[in-house]
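One structure is given here, and the rest of the page talks about it.
Residue numbering begins at 1 within each chain, and the chains themselves are lettered A, B, C and D in the order written.
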Amino acid sequence: MNHILPLIITFLAGLLMIVSEFIPHKPFERIVSELEIWFMIISGFAIILGQLSLIKMNVLKIQYKSENWKYCVVTLISFFIMLIAGLLWGTQNQGGIIGSGESLIQSIGSKPFDYIFDNIYQHLMASMFSLLAFFIASAAYRAFIARTLESSLLLISAIFVMLGNTSIGTSLTSFLPENLNFLHLPTISAFIMDYPNLAGQRAIMIGAGLGIIGSSLRIILGIERSWLGGKK
Amino acid sequence: MKITTIDRRWIFLFILIGVGLPLMLPLGFKLEVTPNVQTVYNLIESTPENKVVLLSFDYDPASKPELHPMAFGIIKHAIDRKQKVACLALWPMGSQMVDDVYQNLKKEMPDIEYGRNFINLGYKAGGIVTIQAMGKNLKNVFPSDANGTPITNYSILNSIHTLKDFAWICSFSAGTPGLKEWIMVAKDKYNIPVTGGTTAVSTPGFLPYLNDQNQLTGLLGGLKNAAEYEFLIQRKGTATAGMDAQSVAHIIIIAFIVLGNVAFFVSKKRKKD
Amino acid sequence: MIQFWTMLGLWLGALSTLAIWSFLYKDNPFYKIAEQIFVGVSAAYWLIYTIYNILIPNLFSKILTDPLANWIYFIPGILGIMMLLRIIPKFEKLSFYPLSLLIGTTAGISLLRFLKSDVLSQTTATMLNPFSSGNLAVIIGQFIIIIGTITGLVYFYFSKKHKGFIGYNARLGIIFLMISFGASFGYTVMARISLLIGRLQFLLGDCLNLIK
Amino acid sequence: MKKRLFCITIALGILSMLMSAHLFKVTDYPNDDGSAIKLQWDKSILESGHIELYKSTDNKHFIQIPLSSDMTEYVDKDSTFSGNMVFYRLDLKNHAGELVNFYKSSAIPKAQWFNTDKLPLLIILILFSSAIAYYVLSAKQGKELYIRKINGLDAMDEAVGRATEMGKPVLFVPGIMDLDDMQTIAGLTILGKLAEKTADYHCKLIVPVSKSMVLSAAREIVKTAYMQAGHPDEYQPDNIFYLTDDQFGYVAGVDGIIMREKPAANFLLGCFYAESLIIAETGFASGAIQTAGTAQPSQLPFFVASCDYTLIGEELFAASAYLSKDPQQLGSLKGQDFGKLVIILMIITGVILEIFGIHFLKDFFNIS
């Protein structure tokens, strides 16, 4: 029963958002933009919740000396170094508790927070991202096998588009005369991208859009309440 | 069949080498030069000596891999043709991009001299409004260069009063403000030839400007076009290397797909037998 | 001094890259360390980011400078604290109130946004005259768009068995979906290889000076 | 004579006012909250010189509005408008900067209660919502509803069973977005059903999350599921934990978990971006059965390529109805299908009309 009030709040908030779309009159637009700021503030508080969970989990692992517990020490140390650096001297645009660390900038080149960001964090991000170059190759090798009609189509359209986008594709078909231009790999690749690909994407977008509309309505009407944990 | 379960780490190794090697030793795959790139090349090639040209750096480090090689190639070409290059930035980080290109150019081109045939005017906020103001009076907008030295100290801009005095304008553009604003003011209003370099993502949006009215005089779109330009000026730079690496990586991936399929059909046949 | 720190920065960057890549071979202590540093540093980064860029400008500075004019911000402030009270099991249920506000708002906003930009605008974009161009390829292409979109939608039809006429259309729909997946896969390869090129340019160029 | 001249002057004045009303139009900006006025002037004005625009709230003190020289339209947005008359003057100057002519006009900014531009949106919204509501109600009254097979979901039991046999955990990844993305909520709904199964099988369920609010919601959902399955004591909140908000930091962590815990079944359901393939390929290498689902068209190819089962787009949102077989949920799914039917009919009608050069339907639903 203690779910009644949250469900009413959900209903009213959802309804307000929908109604305000159609009413240009004051104060509806203002309410919507205000609620967006509220959203940010609440999730801003929530982020602390996540950090506490992170610290707790790592401390527990260290305490019980569970497997790989030594690495949890690394997590905690790097977390607190970054946190303290940010709190004490601030970030690129903001000063911290004890100022902006001008003398540190003189010797390191930037604030400690930014130094870690530029020299460690950014590289970790870029390297993790670049793993995709390897994985996209291994996934292609495994998935693009002409087992069925579907997987053959997947394979063929992928290869045409891949070839059409680099210089090899251009040179492979460059011997073809001008009036057979439609057989040039870049032309075929562009055709696949512009038509069948677009059609597939559209069907997914419209379908998923309807799915989102349906789920949103279920949530607003209180039919879908799993996020509250309970069913009824 | 063993080959269907090939350790995927072999694929990783091939990709790593296939991308790494061409970066160090560019192969220079033959590229078909597309008409838009040729137009840009012709524009610079046909501009008389001692004319001053304007380059606008409208991007930040995120688009560096694509736009940097273009900026480098075009400036080098212009200076080789004995034109004088003035650079400015409509994006805050653009000025650093200019410096970076200049430092690298200096290593290759000893006859480049700051203030005589190259100048960095630095960053100005305001986008289209700034461009319009330059159309009226350039020296009001840029009284000094990026380092704060008055531009009258240098000889390069002696003959320049407004935008109209530049032989052509080129914008390396990753968004707004950028090439579009230059077309709207410099080309549409003052009828100065405008060309540009854009990221692959934003290229389709500029194709309509390549029309009968020559709103754009050629366009470099993405790494592939940058490599074609390097091919035209006969310099194997980072775009060529990058494009080579792309091609090799694509060949490797396709080769593995073919291998996988062959193995699949062979094993299917054996099962049948 | 500054040179030392720049040099150290390059080394740190190179080591981070190699440690992450070592995962491609197998899980190992270097990856584990890099992973944990990544998790720790990024968690702290987002915390600091949230404090400086969201909580201070949107809440604290408003409440502290002029609490009376900005009284309304006490509401999200209190809701935020209710969210935090999840830590104490006794007050756990209090977090339902901010959560229900957020979910209701999300549902309302998504409903309209997707109706407008995904459903309606994609539908009108498909209402095209296939014969509008004289080019045969374009005419075929436009027919493909119309048929592909419709049959793709039939594939997502849930309340009818996929057999007979519907089954036939749904099968055609899945064919279009597969071509589309293959095409976007192939199209993405180039972008992903570029990421590796960027990394190698850092390692081979900036660190080792092997790239001219 | 003087009288005649006077008459002519008056007539000319009226004429010029009429002309100016034609050449320089000032009207209330429609469908807004009363904070904008729309100004339009004829292109012919620009031919004889350049223009300067001034505005005033008292018709005495005019202030200039900066314009660029080629504009023929301007929307004056001013939040200080209070429903009083606003006056505008358009000065035409020659190249020497001398005033050649001027035009004056005024308007009262008004706020509207309904945005008529959005009428088609409202029509479709009411149509779809009432269809969904109708089917939900008829389902409530006991009408049997059919739902077609969704592959990945049937395999859920099998995957959890296999994990239990092998004594390995099940991993659930809800994507990297917060609760403000409906895909995350759809993923969490499936998590509830999954948790009931792992509770039944006494199988360990690991849920690393990337957003704190998702952490709260996921814990609540799993806790309830374990209670409903009759094993509240087996619920372990610490198995649902936060890693980091960062996209790739999160992936690094998830990859680590996959390689160390070696879960036998991975469920990747929610909103995914570039990380989709990194997680799916690592999961494949670890030998897990993988079920993925997202509505991100750009990431679906990678899930299709490296996972065993993929929920494509709308299937992700249909999953909770499919798994629960709850009549109300099934009813809303039926309503969505009605929406699809309407759209297919709209497309077919639209295409036919377009072929005959009738653009009415397309234009009507084209909302900018």
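FYI, a residue touches a chain if its C-beta (ideal position, glycine included) is under 8 Å from a C-beta of that chain, and two chains touch if they have at least 3 such contacts.
The structure displayed is predicted, hence computed values, not measured ones.
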State the pair of chains with the top count of C-beta pairs in contact.
-> A-C
Chain whose mean Cα position lies farthest from subunit C | B
When centres are defined as mean Cα positions, the distance from subunit B to subunit C in whole Å is 28
Taking each chain's mean CA coordinate, subunit B and subunit D are separated, in whole Å, by 35
Please report how many Å separate the Cα centroid of subunit C from that of subunit D, as a whole number.
-> 14
Using the touch rule from the top of the page, what residues of subunit C touch 2 or more other chains?
-> 20, 23-24, 32, 34-35, 38-39, 41-43, 45-46, 83, 86, 99, 102-103, 105-107, 109-112, 114-115, 119, 123, 126, 146, 149, 153, 156, 177-178, 180-182, 184-185, 188-190, 193, 196, 198
Expected list for subunit B, residues touching two or more other chains, is 8, 12, 15-16, 19, 246, 249-250, 253
Multi-chain contact residues (two or more partners), subunit A = 18, 21, 39, 42-43, 46-51, 54, 68, 124, 128-129, 131-134, 136, 138, 140, 142, 144, 154-155, 159, 162, 165-166, 201, 204-208, 210, 212-213, 215-217, 219, 227-228
Going by the contact rule at the top, pick out the subunit A residues touching subunit B in the complex.
-> 133-134, 136-138, 140-142, 144-147, 155, 159, 162-163, 165-168, 170-171, 174
Note: in the complex, subunit C contacts subunit D through residues 20, 23, 26-27, 31-32, 34-35, 38-39, 41-43, 45-46, 83, 86, 95, 99, 102-103, 105-107, 109-112, 114-116, 119-121, 123-124, 126-132, 146, 149-150, 153-154, 156-162, 177-178, 180-182, 184-185, 188
Spell out the part of subunit A that touches subunit D in their complex, as residue ranges.
-> 18, 21-26, 28-29, 39, 42-43, 46-51, 53-54, 56-57, 60, 67-68, 124-125, 128-129, 131-132, 135-136, 138-140, 142-144, 154, 201, 204-208, 210-219, 221, 223-224, 226-231
Which of the residues in subunit D come into contact with subunit A in the complex?
-> 31-34, 111-115, 118, 121-122, 125, 128-129, 132-133, 136, 178-180, 182-183, 185-186, 188-189, 192, 209, 211-213, 215-217, 220-221, 223-224, 228, 238, 241-249, 251-252, 260, 274, 277-278, 280-281, 284, 295, 297, 300-302, 304-306, 312-314, 316-318, 320, 328-329, 332-333, 335-336, 339-340, 343
Residue ranges of subunit B in contact with subunit A within the complex = 6, 8, 11-12, 14-16, 19, 29-32, 224, 227, 243, 246-247, 249-254, 256-257, 259-261, 264
